[in-house]
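Would you mind keeping the following structure in view while I ask a few things?
When the chains are written out, they are named A, B, C and D in that same order, and each has its own residue count from 1.
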Amino acid sequence: MLFTEAGQLATSYKAEQKLFRLRQDYVAFGILLFLAFVALPYWGSDYWFNAILIPFLVLSLAGLGLNLLTGYAGQLSLGSAAFMAVGAFATYNLELRIPDLPLLFSILGGGLFAAASSVIFGLPSARIKGFYLIVSTLAAQFFIQWLFTKFSWFSNGSTSGVITAPPLVMAGYDFSTPVGRYLLTLSIVASLFLIARNLVRSELGRHWMAVRDRDTAAAVMGIPILKTKLLAFGMSGFILGIAGALWAFTYLGTVEPHGFDLTRSFQILFIIIIGGMGSLLGNFLGAAFIVLLPILLSQLIGLLPANHWVDIGQLENAQKIIFGGLIIFFLIKEPDGLARLWQRCRERARIWPLRY
Amino acid sequence: MNFFFEVLVGGLLAGVMYSLVAIGFVLIYKASGVFNFAQGAMVLFAALTFVSLLERGVPFWLCFLMTLAVMIVLALGIERWVLAPLANRSPITLFMATLGLSYVIEGLAQLLWGAQVHGLELGIKDEPFIIGGIFLSQFDLFAAGIALSLVIILSIFFNKTQIGLSLRAVADDTLAALAVGIRLPKVWVIVWSVAGFVGLVAGLLWGARVGVQFSLSLIVLKALPVLIIGGFTSIEGAIVGGLIVGASEKLAEVYLGSVIGGGIENWFPYVLALGFLLIRPAGLFGEQAIERV
Amino acid sequence: MDLGSTELTSTAHTLLPPLLKLENISLAFKGVKAITDISFEVQAKRITALIGPNGAGKSSLLNVINGVYQPQAGTITFKQIPHKQMTPRYAAQQGIARTFQNIALFKGMSVLDNLLTGRTLKRHSTWLEQAFRVGRAPREDRSNREYVEQLIDFLDLTAWRKTLVGTLPYGIQKRVELGRALAAEPTLLLLDEPMAGMNAQEKQEMSEFIRAINREFGTTIVLIEHDLSVVMSLSNHLVVLDYGKKIGDGSPEEVRHNPEVIAAYLGTRH
Amino acid sequence: MQQRFKTLSALAAAVISSTLTVNTAQAGSNEQYFPLQSYRIGPYAAGGTGFFGGFIDYLQNVNAKGGVNGVKLTWSECETEYIVEKGVECYERLKTGLNGAPAAATNPLSVGIAYATLERSTNDKLPLITINHGRTDSTDGSVFPYVFPLQLNPYSEVSAIINYIAQQAGGLDKLKGKKIVTLYHGSPYGQETNPIIDLLAKKYGFESTTIEVPHPGNEQQSQWLNIRRIQPDWVILRGWGVMNPVALKTAQKTGFPVDHIIGNIWSNSEEDAAPAGDAAKGFISITTHPSGTAFPVLQEIKKTVVDAGTTNLSDPKRFGTVYYNLGVVNGILNVEAVRLAQEKFGKTPLTGEQVQWGFEHLNIDDARLKDLGAEGLLQKLKLSCSDHEGGGAVRFQQWDGTQWKVISDWVQADRALLRPIIEESAQKYAKEKGITPRDCSKEL
């Protein structure tokens, strides 16, 4: 029933351009929203909110930020974490220095600052291409981290450079409980994903993909290459910035510049490789994978009987190997990531019980 | 003024250490077009294997040979499970695969040998000595000597041996090389093994300098700007790039750092590399590619 | 099919000034000459073919015309405006569109999206309007979509509208690329070996499409093609290149009897 | 195919739900639980394996002697790799106890994780122990009731080092005109004390320069050339991990005498000195707990745990090293807090809130140190509502090429001088967070 499409034909181009074309998609989407906004807050435990759901949502958003740049516009970046840092620190300072600014505006402002810095470090993409661009993004990574560590102005004179979350109050409602932080994160993440969905289906989304697939051909068709790339950097930075602010304030509650180091950038890159480049759903799948796999592994290792032949802690090194191996595996076997696998499952389910 | 020269010379010598890592990149890039981010992990792996064997009482030269053997096995594995399946894929895909590879190698190194910090003594005293009022480090001079001999060995290898010549043929024109019967997988294994050898040498010198431990893999981040400045395809470029990066970052740390705040060494080479990139996209010694449409 | 085309006979000789005029164009890469001092004219609404052996500089010449390469010397006059050189974007804005020798489609996008990308210069809404689907954006979305759907019908691509172009057969990809160029409603269409690698029947089909485009849209076409039988029947005007120099220029009949062309191209080499 | 897929997904769901279920406390067990957010891999593994090795071995030792008043101690580990979000996940996973045994306190041994779980543990009423490190202003227990930077906070550390330098020079007044360079790790931890050293410089009239080493600290050529140019009397090394041996090696290379380098509390282990080889010979560092195995408590652990083959150390040679002994000290303090709280709340497993009372009333005097067999290993310690640090004294040790030799008696930090700064900072935090500080005069 869920996959019956027969008879649902789009009768106008307008109908085809709606958010979802199929009735089931609307139903499924509605159920999903209901689960996320109503059922989970009711059933979830603190552990689920604090340790799984919130980081999952934030990392999905960060994945989206990088995916727009790398998956859609084809510009490889190793500096995602730096723009998250800009978002977090800018939000913190906006909240601190403009007392009456509502929290939501501070977060949006943090996103805008991150977008601006992302555009600046994206400027060299006018001349350099491919993986040469990682130099520019790595420069961003190291420079921005240094900036926030070095100048304690950014952390309001805190000697250690650590910033802590402002009170999470919005429209008089306190979001500082685990459920509250979850709902706040979920609302922001959901809205940004909807905007992103519109964006990648719009003319700009096509421009990004055109630049990614064949930049010469794109130029020949009159697509302004630099503007298109910079818009990708900007949008990517904006979303990463908001993800950074959420990471700092709804997830951890506190953050230091070191929390946005190169390892984090790699983590986000892995999310989109595993999840699927150029796929919105892939961000969720990749983030879920990257959040859940270590927890599962560490739980499984915890189930092993303690003995002195194997050093349990050392076994955790296996996790690194598994991650690295999976990256290679996905690049070889499924370059389009989990999202593509999911799509295959759906296609198979659609024609079930037939094989093809 | 003496101080300036001290910083300069110290920086140049430190730069040689970066070059050592960068040479490994150049080899691999030339032969297989892969930008190998895992070179740092290979340095760590080689050094850790070496020092762990040494600590178990294996004599120095045997350690060296055994580690070399391990690096060759590693190269075989990489060819088989990473490079061959990814043949003809885009450079960015290959780069990301080496990112994954670096995780595998780092995890493997620590799984096998543990995470302790190991000291490594190569028997070179590091007492400073003074020439013309300038402090010089004996160890760094020694390292520079090793780097120089490494470059000579490699150039003999590439110019005089049969294997080396076929490697150069592949680097110059892969299709033509295939046509005359050079087998790519074999070439890859050889070149990754040679890169493993370079990694081992770099690992020993770096290990003696900073101790053999996890963060050795991070020196890859220093080698990157070196390559950008020198060009990905030239060993001379790696040396010159290393010298430029070493000298300029030390001078910047000392003179610029006192103005805008210290600790700028992490990003300064990148900004420098970016500057070079905007002026000479292929690096000082790299070949500029013409785009065909 | 109604795309506002004007009826005209492509063989009718016009006395209008040429749409495109190249004068003394020279191009070199790192000192190696690719094109030496080439001049010729392209009459509006006609089909001009560039022929010549591999490495003769044909593709380079197309690249010069639409601004991908910047020539070291010479003048390009398009619609009576002389230029030393153009950028690809400027050329596109002037109404020049093209296809590529090795298909340069956007592989990760569907046929429909590839063609829609061709309409880029027909849009005026900003990206913000597009992101939120407000202002001019929805209207443009609809009109562009309608135009592109007509093109899809015209090129007989309906079966593959939503397929990713990377997965399509070669011949279809060539047609999609033609469609993408056409979506821009160009004045001048440059086709770089539109029939390379095709069998006789596919070539026949492609020739029909090119002829139909020229006839129904009134588009001026410059194409590169190796198959002389196709070229002779399709084009009104031939320009022959060899080693970056022009060795022949004229109607198919004239070129067929040009001794230099026969020596360089038809006789000794093939 | 479809069937297999279904079975597989059902299986996967079962695994996920079973492994992700959080252990919830049930009544009935007679055990006290220690959630260990340990780290045994990653760049700082050497510290984690030593510290948690000592901690666990001490807990084993207590159990071998019948537990704390009959209450057995239990623990489980969760690997953090020193990564903040992993630490948070571990915290959330372990905080509710194990098989009915309630959690006593968390000991993440990481500044980052401590910061990230500070508010959480306060909300959950679970003491957060940051022995020898952590947030300096959490010393003020009126604002941070559940945070305990036991023995030594970062400010005290600097003050003690300056006092030692003064001792060597022959008095605080002799500091005038001296040059002291602080070489610090480019991280929040490294920077934390910079304002304090500048403050002390102003007060005592010495010249202070702070020089940053970017993380991780593989390359320090320019920093040490700079130091050579300044020609300081002393260099305070505020390092972490690889930065320490590299600093010593580079010092040697640039000709700076290593016996005028003083390592701080995280530059004081065997793992910091030994990899530098000869270059480390003569290096001085502070410690709150000497290394060595001569202390009765360590002999006891040797007998009940190490010789029994159940030591947590993968390399038993590390028994009695600095990190190991810090783990033992940490174990002693945790267990003492439990023991003390049991006196008030009864000899049963206690909640974190009850253990917090135990920590806040810790009073380890000479007699108690003797009972514990920890004389000389541990300093006297008295905690209160307003003072969550307690000690503030350090000893100095020198590396002789193979091991540390203690070279000074306890040197006390000038805690009275630091107190107003700490209070000011704590008040600022309280205001930012809307916390009403406790009135410590009313606490018993």
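Observations on the structure shown:
As a convention for this text, contacts are C-beta pairs under 8 Å (C-beta built on N, C-alpha and C of every residue); 3 or more make two chains touch, one makes a residue touch a chain.
Just so you know, these numbers come straight off a predicted model, no measurement behind them.
Ranking all chains by how far their C-alpha centres lie from the centre of subunit A, first place goes to C.
The central chain of the assembly on a C-alpha centroid basis is A. Centre-to-centre spacing of subunit A and subunit B amounts to 33 Å, using the average Cα coordinate of each chain.
As a whole-number value, the distance joining the C-alpha centres of subunit A and subunit C reads 41 Å.
The mean-CA centres of subunit A and subunit D are about 35 angstrom from one another, to the nearest whole unit. Inter-chain spacing, taken between the CA centroids of subunit B and subunit C, is 48 Å. Listed for subunit D are residues 40-41, 45, 49, 186, 212, 214-215, 314, each touching two or more other chains.
Residues of subunit B in contact with two or more other chains: 110, 114-115, 261, 263-264, 266, 293.
Touching of two or more other chains is recorded for residues 146, 149-150, 216, 314, 317 of subunit A. Of all residues in subunit A, only 76, 124, 127-128, 130-132, 134-136, 138-139, 142-143, 145-146, 149-151, 216, 262, 266, 269, 273, 314, 317-321, 323-328, 331-332, 335 touch subunit B in the complex they form.
Those residues of subunit D lying in contact with subunit B across their complex are 40-43, 45-46, 49, 186, 211-219, 221-223, 225-226, 228-229, 241-242, 245-246, 249, 252-255, 271, 274-277, 279, 314-315. Listed in rising order, the residues of subunit A touching subunit D in the complex are 45-47, 50-52, 55, 146, 149-150, 152, 159-162, 164, 166-167, 251-259, 261, 263, 292, 294-296, 298-300, 302-303, 308, 311-314, 316-317, 345, 348, 352-353, 355.
Within the complex, the subunit C residues that touch subunit A are 66-68, 87-89, 91-93, 97-98, 100, 104-109, 113, 116-118, 120-121, 123, 125, 127, 130-133, 137-138, 141-142, 145-146, 149, 180, 184. Only residues 3, 6-7, 10-11, 14, 110, 114-119, 121, 126-128, 135, 137, 139-140, 206, 209-216, 218-219, 222, 249-251, 253-254, 257, 261-266 of subunit B touch subunit D when the two sit together in their complex.
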